[in-house]
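Naming follows writing order (A, B, C and D), and every chain is counted from residue 1.
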Amino acid sequence: MTTTDSELVTTSLLKKNFPKSILETHCHRGDETVVIDRKDLLSICEFLRDDEGCSYEMLVDLTAVDLLEQNRTPRFEMVYHFKSLRHGKRIRVKVRLDEQDCSIDSIYHLWKAVDWYERECFDMYGIHFNNHPDLRRILMYDQFEGHPLRKDYPMDRQQPIEELREIEERYHYQRDV
Amino acid sequence: MELKVKQVKRVDGVKEAFYIPAAFGGLRLTVKHFFRNLFGSRDVVTINYPEEKRPVSMRWRGRHRLTRKDDGFLKCVACYMCETVCPAKCIHIEAGEHPDLSIEKYPVRFDIDELRCVFCGLCVEACPKEAIRMDTGVVAMAYSSRKTFDFTRDLLRDNYDPNQHESPKYGDEDLPRPESQESALPNSQGIPAS
Amino acid sequence: MDLILEILSIPLVQSILKIAFIILLFAMPLGTVLTLMERKWSAMIQDRVGPNRANVGNYTGNGLLHLAADGLKSIFKEDTIPQGANGFLYLIAPFFGLIAGVATFAIIPIAGPIGDFTFQVTDIEPGLLFIFAITSLSVYGAVLAGTSSNSKFALLGGTRASAQMISYEVFMGLALMGIFMVYGSTRVSDIVNGQNEYWFGNLIPMWGVFTQPLGFFLFFTALIAETKRAPFDAPEGESEIVAGYFLEYSGMRWSAFMLAEYVAVAGVAVLMTTLFFGGYHVPWLHLWESAPQWLVTLLQIGKFSIVTIFFCWLQIQLRWTLPKFRFDQTMSLGWKKLLPLSLANTALTAVVVLAFM
Amino acid sequence: MSLATQQLSSLVTPPPQGDSDTSIMKIEIGPSHPAMHGIVRFTTYLDGELIVGMEPEIGYLHRGFEKESENSKWIQVVPYTDRLNYVSPLLNNIGYSMAVEKLYGIEAPRRAEFTRVIMGEISRITDHLTCVGAASMEVGAFTFFLWFIKAREYLWELVEEVTGARLTTNWTRFGGNATDIPDGFFDALQERLDKVKDIMDECDKLLTRNKIFIDRVKDVGTFSKEDAISFGFTGPMLRACGVPYDVRRADPYSVYDEIDFEIPIGSTGDCFDRYLVRMEEIRQSISIIEQAADMMPAGPIMTDERLMHYPDKKEVYGNIEGLIDHFKLVMEGHQPPEGEVYLPTEGGNGEIGFYLVSDGSGDPVRVRMRPACFNYVEAMPAMTVGHYVADIVPIFGSVNMIGGELDR
């Protein structure tokens, strides 16, 4: 599955239009990937959506990767997967985020699906999305401390809501806490 | 293959504009089912469970059992393969040395917490000695106490049912006996010397 | 012995006995058995087995013991009152429906009279108007239960129930106008006797279903809507507002709602039998003039029961066949389709009656 | 609380004491509610019976699939994928295993791929049967639900014959499948499919042409093409809006490009279209299964790459290399080369994508599953606002939310 650079239409388009902000590109196993600078995320996403040659109408997935155990800096990678229905292409856009300053511009106004994906990413990784209108936890409860998918969150740590637990123990199992 | 698209048909006929025809059509069908089940052959897939049991497939992954060699020794060599591969971490093995020198290593403890088990069958695949199997055909395990679900090595027999044996036998009396005196070395059943 | 006969000939005693007979031996058992039959019959429609687990020893009676089990269970269950509920209204609400359902049976004759003795609690002059009056009473059951439970789902259910039942009473009345005109009376015995006449010699009995086919459909629809059963069970709305107006009830009071529903089902069935299927009259029986009186009465009770059970079955069959209406669709069906149809039916009947009778 | 619902909640009046003019009523639908067939909560704002605002809350079934997977070996994730979309577990198994195969850069043998197509389509049928059945049950057609469950029962028995379990299948491995198709499977398959077809025909007569049912689902939950794409809809939900996007055709995987099938699309994107699209997809899946059964090649069901699967027992007993391979594979686990892949597959209710990152060791760095119904639940306010409260039922039924997949 070797793909030459000339076939990677989107990559070359992005390289032409944003020569400075494309940090790295590769095509591992046929997945077209560009790593971009954090500052230009908004303009690149807008370009990807609106440009005739790209027209990625659909945001398929948005997530992050924690590379703590790989001892990489920057620690986090934001991963966006886009799908173009018109051209039948996919692209992966990655942004590297430092641990100290893990915030990134929100792209919620470009695709409607972004809203919840960014909330989930915030919930799981603690990545802050600037300008997101409603950034709060989605899968975990509000009192939850920490961000469970970070690699330094211990696997076996438990955080039951104490009040509920007390009620359950006392009234359900007749045990004192 | 090229992309073929089919537009689904929304039925909008004259018949669909009234309530009555559909009601009669529906009644005809349900009445057919009603009388077929009332008088004719009952086309029912329900099983009256405790009385009837569904025949399970040969490949059904049920409760585990530990297999034995012809002479009644456990096949298990306590290699920890199943414990390593288990995604639910429900197997716990302690290996021990055996006085019988022909057996190098054997499980002093082999516990399976059946409440944790997810019945994936990875342990069966991982076992190099075919010592653990899930082919007992036991579909449901319903016991009244959590303790009952901790299956120890000697309980992992083919036909063990805690509901029927009030006090499970921890001895070796119902295991196949060794043929000759020579092979009947002390504690040769894989039972730890107490 | 004479004393007993004398006491029995007192009208009041007769009425009390008849009430006891009809309620204890007809209405309530029918309603109770229907709660089980609904489950058994629906199981047959749906290729299931149905309830068959309740047992004494090893005897299950193919599910029959579930009746006893259900009754015992609901008696011994805690009768909860939700916090903030209006206690008094909450407690009495379940019995409105039950009373209304049972009262329907008061004017239904289940067999022909023998001499002075009628198989009917009372044969009052207003007849069916009494039914309308009584069924409007059952609205209060739903409304009071809904509003007094202090639950939003119950409130939604109660409002839906009140709107639906009050609307459908209109069409119920209008659909029966034709019957009143054709048989010239609102008295039930007149209507039943009117249906014992024949067209074309002795060929077709003048049953309501033949004289008023449209009225039959309209009345049946309106009655099903009035009893809040599928496809008109939006007030219960089990999938969106959980159980509607009786959501908060438990134990015996919940059972009262259930029993009221099934008594109402039986009530619908006896009304349909009486008004549209000749009541207790066995068709063409008058041709056999030498029939002994006791046999005739038995045949009449038998015919009445069979048609009643058929209509109970039909209602249950309909429930498990049709999807249910949304609440606004129920209302628009009533006001936009049934109302014009029943008005047209009334007008048409009036013209025909004037022209030919 | 989002902006729209913040404004709405300020309008909610306290519970009525006597005759107060309550304008907006807040009502919590779920997490335990007959129509919420997972556990999810909708905070709904009603004006009378009209929905003026809604806010979904998810996470009640969050089991930490991703965290658990990242702390497991690669092979140990396969049993977990059963529990994602638990009405079509095989499709998740297949999606995950193919993603790992892509990470390795290998392909399963053709027989394994055809078997996967057959089993996957059986799973798709069970998924759609459950969805359509549950949706029709909630609009009152309880009988069809049970007939459909009966049809599903026939198919699950087949799944059990092949995989050894009805629901927790754990069937695929990297580079093939755990078990091959047993003898006499195709006869049983054909017989069962005929029964399913019969039940489908009965239902078609009854439900598709029933005015009451049409009234309930027609023009309810209408969604435009543009909105659907922007919300990231996939699968039957997107196709009902009229977009012929099916991963099996758009990004062909496995052997789907050798099989002839049609993609059903709707026109308006309402609940009726979604119902019809699912019904048609069941028929197409039956046709796919029949074609794949005819084309089934002979051969192995497992790749012969080393260190991908356990060696034969003969090798383990008689050969030191076999034994070492076996122990290495168990102790160290599969070790895909360093890299990252995203593999989309067509799941029961949309695109299931597995995004996997490996650093070359036996432990996954990232196992991400793109949940198809995440977007649908996100779009629930957009679909329901302006409808009656009773319309939540058919809309949410047509969404086919599966809690295990939504919350992971």
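We adopt the following convention: a contact is a pair of C-beta atoms (placed from the backbone, for glycine too) under 8 Å apart; a residue touches a chain by one contact, two chains touch by 3 or more.
For clarity, every value in this text was computed on a predicted model and none was experimentally measured.
With steps allowed only between chains in touch, the distance from chain B over to chain D comes to 1. Each step here moves to a touching chain, and the least such steps from chain B to chain C number 1. Seen from the C-alpha centroid of chain D, the farthest chain centroid is that of C. Counted by C-beta pairs in contact, the busier of C-D and A-D is A-D.
For the pair chain A and chain B, the distance between C-alpha centroids works out to 41 Å. Separation between the centroids of chain C and chain D, computed from CA atoms only, is 46 Å. Chain geometry summary: the mean Cα position of chain A and that of chain D are 23 Å apart. Between chain A and chain C the centroid-to-centroid distance comes to 62 Å (mean Cα coordinates, whole Å).
With touch defined as above, residues shared between interfaces to two or more other chains in chain B number as follows: 19, 23, 26, 29-30, 45.
Among all residues of chain C, those that touch two or more other chains are 45-48, 320-322. Among the residues of chain A, none is found touching two or more other chains. Contact annotation for chain pairs lists A-D, B-C, B-D, C-D, with touch applied as defined. Within the complex formed with chain D, the chain A residues making contact are 1, 28-29, 31, 33, 57-61, 63, 65-67, 69-70, 79, 81, 85, 88, 90, 92, 111-113, 115-117, 120, 124, 133-134, 137-141, 148-149, 151, 153, 155. For chain D in complex with chain C, the residues that touch the partner chain are 15, 25, 27, 29, 33-35, 49, 136-143, 146-147, 150, 206-207, 210, 212-213, 215-216, 388-393. Of all residues in chain B, those touching chain C in their complex are 19-20, 23, 26-27, 29-31, 33-34, 37-38, 42-46, 48. Across the complex, chain B meets chain D through its residues 1, 3-11, 13, 15-19, 22-23, 25-26, 29-30, 45, 56-61, 79, 81, 84-85, 87, 118-122, 125-126, 128, 130. Against chain B, the residues of chain C that register as touching in their complex are 41, 43-49, 52, 217, 317-318, 320-322, 333.
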